[in-house]
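Two complexes, one shared chain (chain A), two partners (chain B, chain C).
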Partner chain A sequence: MSSSLQRRFFIFCVAPSLAVLAIITLLPSLYLLVTSFTPLNLTRPETAWDFSDPLISYRQLLTDDRLGNSIWVQIKLSFWTVTLQLAIGVALALLLNIKSRLLEALRTVYLIPMVLPPIVVAIIWKVIYTPDISPMHGIFRSLGWNVPALITNPHWALTSIIIADTWEWFPFTMLMVLAALQMLPQELIDAAKVDGASPWQLTRHVTLPFIQGVLLVAGLFRLIDSIKAFPLIYILTDGGPGSLTEVTNYYSFLQAFNFSYLGFSSAITVVLLAATIVLSWVIIRAVGWGLRVD
Partner chain B sequence: MSGFRRRTILKGTLGASFVPLAAPYVSAQGGKPYTGTTINASCFQTTYYEYLKAYFPEFQDKTGIKVNFTMQAFPVYNQRTDLELSTKGSAIDACNITFIYSGRWIGAGWFTPLDTFLKDPKHTPGDWDPDDFVSGAQSQMKNAKGETFAFTHEAGAMLNIASRADLIEKAGLKMPETFDDLIKVCDAIDGKDGVKAFVADKLHHWNWIPYLMGNGGNVFKDPPTNLTPTFASPEGIASADWYANLLMKYGPDGQLSYSDDQAMRAQMSGRANMRTQALTWGVPLVKDPESKVSKTTRFALMPAGPKGNFPGSNSHGLGIPAGSKKKEAAWEFIKWALSKEMISRIVEKHGYPAVCRTSVIKSPKFKEVMTLNGQDVAALYLEVLQLGGKTGYMKYRTVPVYPQIGDKINRAIDKITTKQQAAPEAMKQAQAEAIQDLQKAGFKVDQG
Partner chain C sequence: MLTRRRDRWLIHGLAIVLAILALSPFLWLLIMSFKTNAEIFHWPPRLFFPATLDNYAALWTSEFRTSFANSLVVSVSSTVVSLVIGVPAAYALSRWTTRSGNTITLWILASRMAPPIAFTIPYFLAYRYLELLDTLTGLVLIYLTFNLSLVIWMMRPFYDQLPRSLEEAAWIDGATMWQGFYKIILPLSGPGLAATAILCFLFAWNDFFFALILTRTDAMTAPVAVVNFMNYEGWEWGRIAAGGTMIMLPVLIFSFVVRRYLVSGLTAGAIKG
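== the complex of A and B ==
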């Protein structure tokens, strides 16, 4: 078979998948982009295809202080949740990477938060954070500690979201790292041990470089997911108190579905999408995919 | 003149020629011209339609119309319906017009004016009596031209509800009548028996406004015609500060995240005492079997401020979306669901408290149902609804942009209560954001 015929056959095979992908992902994204150039307001149908001032929503973004605040909240939330989830996930994966029946059972237990529906996770934490019914507050009270309601306390509100999000998603990192650790060739470890490497040196110079690619993928997944944070904020704090836990994604939701400003919300989402793509690219360039063992 | 007569006669002849065609259809269905018709109706979760569902077979027997009725949680219903209505689609034939969305949904032309049905005796018999609906509740369901878009099935009237009135009596005081009294009572009873003196849910844009108005402030300059925000006026700032202090000093920890239901549970379990909120949230304190305060709950009018008493009142109505293709069948349903007979039956059988028909509210049965711990709460309820209708001070809440302006108010009160910002700073910032929002929505605001 000639190479051009082979190429045509290949295109013929992938074309249906690409077409479906285009309809499912590209068309809505394109519509989002088009909408962002209109002042679309659901209560004013005449604004639907009004391109008379295509940059109006983008200009409004620049003067919107609450959006600026939401980006800062987003940065703090993403930084802490991704960092904690990676750290706890790696630490637990290293601990659980030992052949033992007990630890195998523990692995399953640790996966529970991740497989729960996000709304259920949010409700669990709502109970934990509501002083009147919270077992946590009950314990603190019995110890004589008066702990304030965390989700309505300005000093703790964001931290309480970070704790809940970390609890929900560290198992994801743990699972990925554990899978990678089980692929780690025994020869590498043996060779390092022969060279007199200490456990710390083994982790630092053999294990971590080996799982670097997996960590990057896990980190990217978690970063992208943290930008999409919604159920915890919706159920626990509604973005408050004030706007202390209002991330950009949530702010965009409010603009579209509570206030009907679909054009403005689309502009926020387009910027958010662009920022996510750029950020992912920068991270991949900076960190690299890690050690490859064939 | 003669031309007019000729045209009238011609029209009459033409109309008459269709009568024989229509008549057999009706009689062939045994007086049920809608046999085989199914309508889709929806509302947020509310007890009225929970109770009414049991009677749907009666309606189907009577008219031949089958009703698919769905209910969702309040915010879910509002979001879904907002989107559905904006498409002007025909998926829903009758649905609830939520109070805070009434201005937006009616103003955008998403509902059908019902006046044509009301004026036509073929569609609406005289004894259905549309004027029987309480004017204060019904005013939110009309546009500026006075056209009616829905009839109300549920009304909320804000009262001061004390779950542990015994503590107030023990302190030698009575239910507060003014804002100053409220603070005095809170000071005297806070923490007694482990009960916090006051509780509120997180919707400050509903709970705080009567305090704002009582101090001489307002949300907008002259709603619905002039929507220039005025809640950061000196009166507004002072009132916001006062209200935040009320929450902070006398409310339970964590109440800023309380939903309506959570605040009610705090009262019901005897953890919090007074709450200024719609009566619907007070009745379960007396009637719910789980309530620990059923014997000690008392009701009073909302305390008055130096500038008067402005208790919140609201109402939700049943209307017909503009895109419905089964408007006549939908009207049949509304007429049946909100008839005097049906509402009376629901009151008698289930003790439904949020009635909007005056004749039912004044009936002995309603009075009996709403006599709670020896108090005639029905009279208080009617007084609040009529107060709202008289001066129209609740108009601020039905303007199309209220959801976004309310959001600014919520966040500002949150910031003051948690000491993130001082009252002047928080209110001025919220007002500036509100102006920005109004301009985004295409409204003009006064400069300066």
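== the complex of A and C ==
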């Protein structure tokens, strides 16, 4: 088979995918960028292709307090969910990393929160956070504690989102850490044991350093995903009370589809997209580093 | 490291207790879907309550049935289209070593990582002109943004594992390149195809955000329909729970089938798990 024939065949195979991807991902991204340079407001059609002041939305970004607030909420949400998911994921992975039929079966059970449709996760937690029907509030009442509805309480709203999100995604970090643990060479463990290491020392000085590459990657993946948080906030708090749980993604959604300010929302989204691309690039660098570890 | 029997028992016990604790919110919803409204508000909950299928029956006679069918049609269509376009590309990218391969990889990862709102705004605007708002076609198209990349990500490693000598032998016997791929390689990648197809289906099935914004009534999918129970029809908890259970049922079954591939699917193949 001549190599030019092969080349033609391969191009024939790849071309449709690349063409479709260009149309469905590149073109919309460009359109988003273009829209962000207009003051597009759906209720005022004349604003659609108005480029008289292309940076108007971006200037607005700098002075918008609500946007600043949303970024701060996002930082808090991302920090706590990623930290908790890593901690719980590692702890469970260490617990389950023993050769045993039962524990292997349990691993599958632990994955359930992650594979549930996000909207079902949101419904589950809506039930838990609604005092009338919540088993959690039922237990509190039986104990004689008077606990207010958490998702409408300013002190607890963000925490309740963090709890639900942590529940949804701890299996992800657990799964990745488990995969890494299974590649931990037995010689390393044996050598440490010969040197008289206690189980705690073994974990601290052998296991944790070995999995730090995977932890970094899992953390980055969760960090990027935490920027997309939507169904939980939409169903549980709707960004409230006030704007205490309004993350940037959600604020952008409100601006576009509740207030019709698509131009302004596009500008916010362009910034979000840029942040995502930077983080993706970091991931690719980190994965390169992670692969050298194993 | 923990060889003592007592420790093993302790670990098993702890793992089971934690699993029950972790799953209790999910089990609660499942049980709720079989309760009458009066039973749902009953505290303390009775272990043996008269189970009812009324909630499911009510769903089946409502518009939820149409939404459920919409979800099925959109998810299956998006899966089929992604596989038809993406699988040959995955094969070619595996066999054809060019420098642009890495750029394509990066592009695909970035499009999977992008926040959905980045696509939603331009799609929403474009669909208003193309009259694709509230259509199944419109949803299938936007689901390609994640599913096509997923197919290429998932299938490429499968083809990397198949030796080139397989199709080369077929070529010597006079097969064309297309026949070599279609008759030799494709059947051998069956398990990979099945896993990829299921993951595509799940990602499309699980979508809430795109469907929320790009559909109104005609093309509404099941996740959006369930949320509408909350907004418009009062708090019908039994029906909400039953709807949620019906949405998660196919997901749970399929996830169990492809649990081995979940890591690579969710990390867009960046980690070989």
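Operating definition for what follows: the second predicted complex is superposed on the first by the 251 of 294 C-alpha atoms of A that agree within 3 Å, B and C clash if a C-alpha of one lies under 4 Å from a C-alpha of the other, contacts with A are read in each partner's own complex, and residues count from 1 in each chain.
Rule of thumb we're sticking to: contacts are C-beta pairs under 8 Å (C-beta built on N, C-alpha and C of every residue); 3 or more make two chains touch, one makes a residue touch a chain.
Keep in mind that what you see is a predicted model, and the values were worked out from it rather than measured.
Within the superposed three-chain model, A:P148 lies in touch with chain B and out of touch with chain C [touch as defined at top]. In the superposed pair of complexes, A:V177 makes contact with neither chain B nor chain C. Touch criterion met: A:L254 reaches chain B, while chain C stays clear of it. Looking at the shared chain after the overlay, A:R66 reaches chain B, while chain C stays out of its contact range. Using the contact criterion defined above for the overlaid structures, shared-chain residue A:V90 touches neither chain B nor chain C, since it reaches no partner. Set against each other, chain B and chain C touch different numbers of residues in chain A, with C touching more.
Contact with neither chain B nor chain C is seen for A:I162 once the two complexes are overlaid on the shared chain.
Contacts of A:N41 after superposition: chain B is touched, whereas chain C is not reached.
Using the contact criterion defined above for the overlaid structures, shared-chain residue A:L216 touches neither chain B nor chain C, since it reaches no partner. Judged by the touch definition given at the top, the superposed model places A:S243 against chain B, while chain C stays out of reach. When both complexes are aligned on chain A by C-alpha atoms, chain A residues 132, 257 touch chain B in the first and chain C in the second. Residue ranges on chain C touching chain A, taken from their complex, read 1-2, 8, 11-12, 14-16, 18-19, 22-26, 28-29, 32, 40-41, 43-45, 85-86, 88-89, 91-93, 95-96, 104, 106-111, 113-126, 141-142, 144-145, 148-149, 152, 168, 171, 177-178, 181, 202, 205-206, 208-209, 212-213, 223, 226-227, 230, 237, 240-241, 244, 247-248, 251-252, 255-256, 259, 262-263, 266-267, 270-271, 273. Across the interface of their complex, chain A is touched by residues 79, 82-83, 86, 104, 107-108, 202, 252-257, 262, 266, 269, 271, 400, 403-404, 407, 410-412, 414-415, 417-421, 433, 436-437, 440-442 of chain B.
On the chain A side of its complex with chain B, the touching residues are 39, 41-45, 60, 63-66, 129-132, 148-149, 151-154, 236-244, 254, 257-261, 264. Listed in rising order, the residues of chain A touching chain C in the complex are 1, 5-7, 9-14, 16-18, 20-21, 24-25, 27-29, 31-32, 35, 92, 95-96, 98, 100, 102-103, 106, 108-120, 123-128, 132-133, 135, 138, 141-142, 167, 172, 175-176, 179, 189, 193, 199, 202, 214, 217, 221, 224, 227-228, 230-231, 234-235, 249, 252-253, 256-257, 262, 265-266, 269-270, 272-273, 276-277, 279-281, 283-284, 287, 290.
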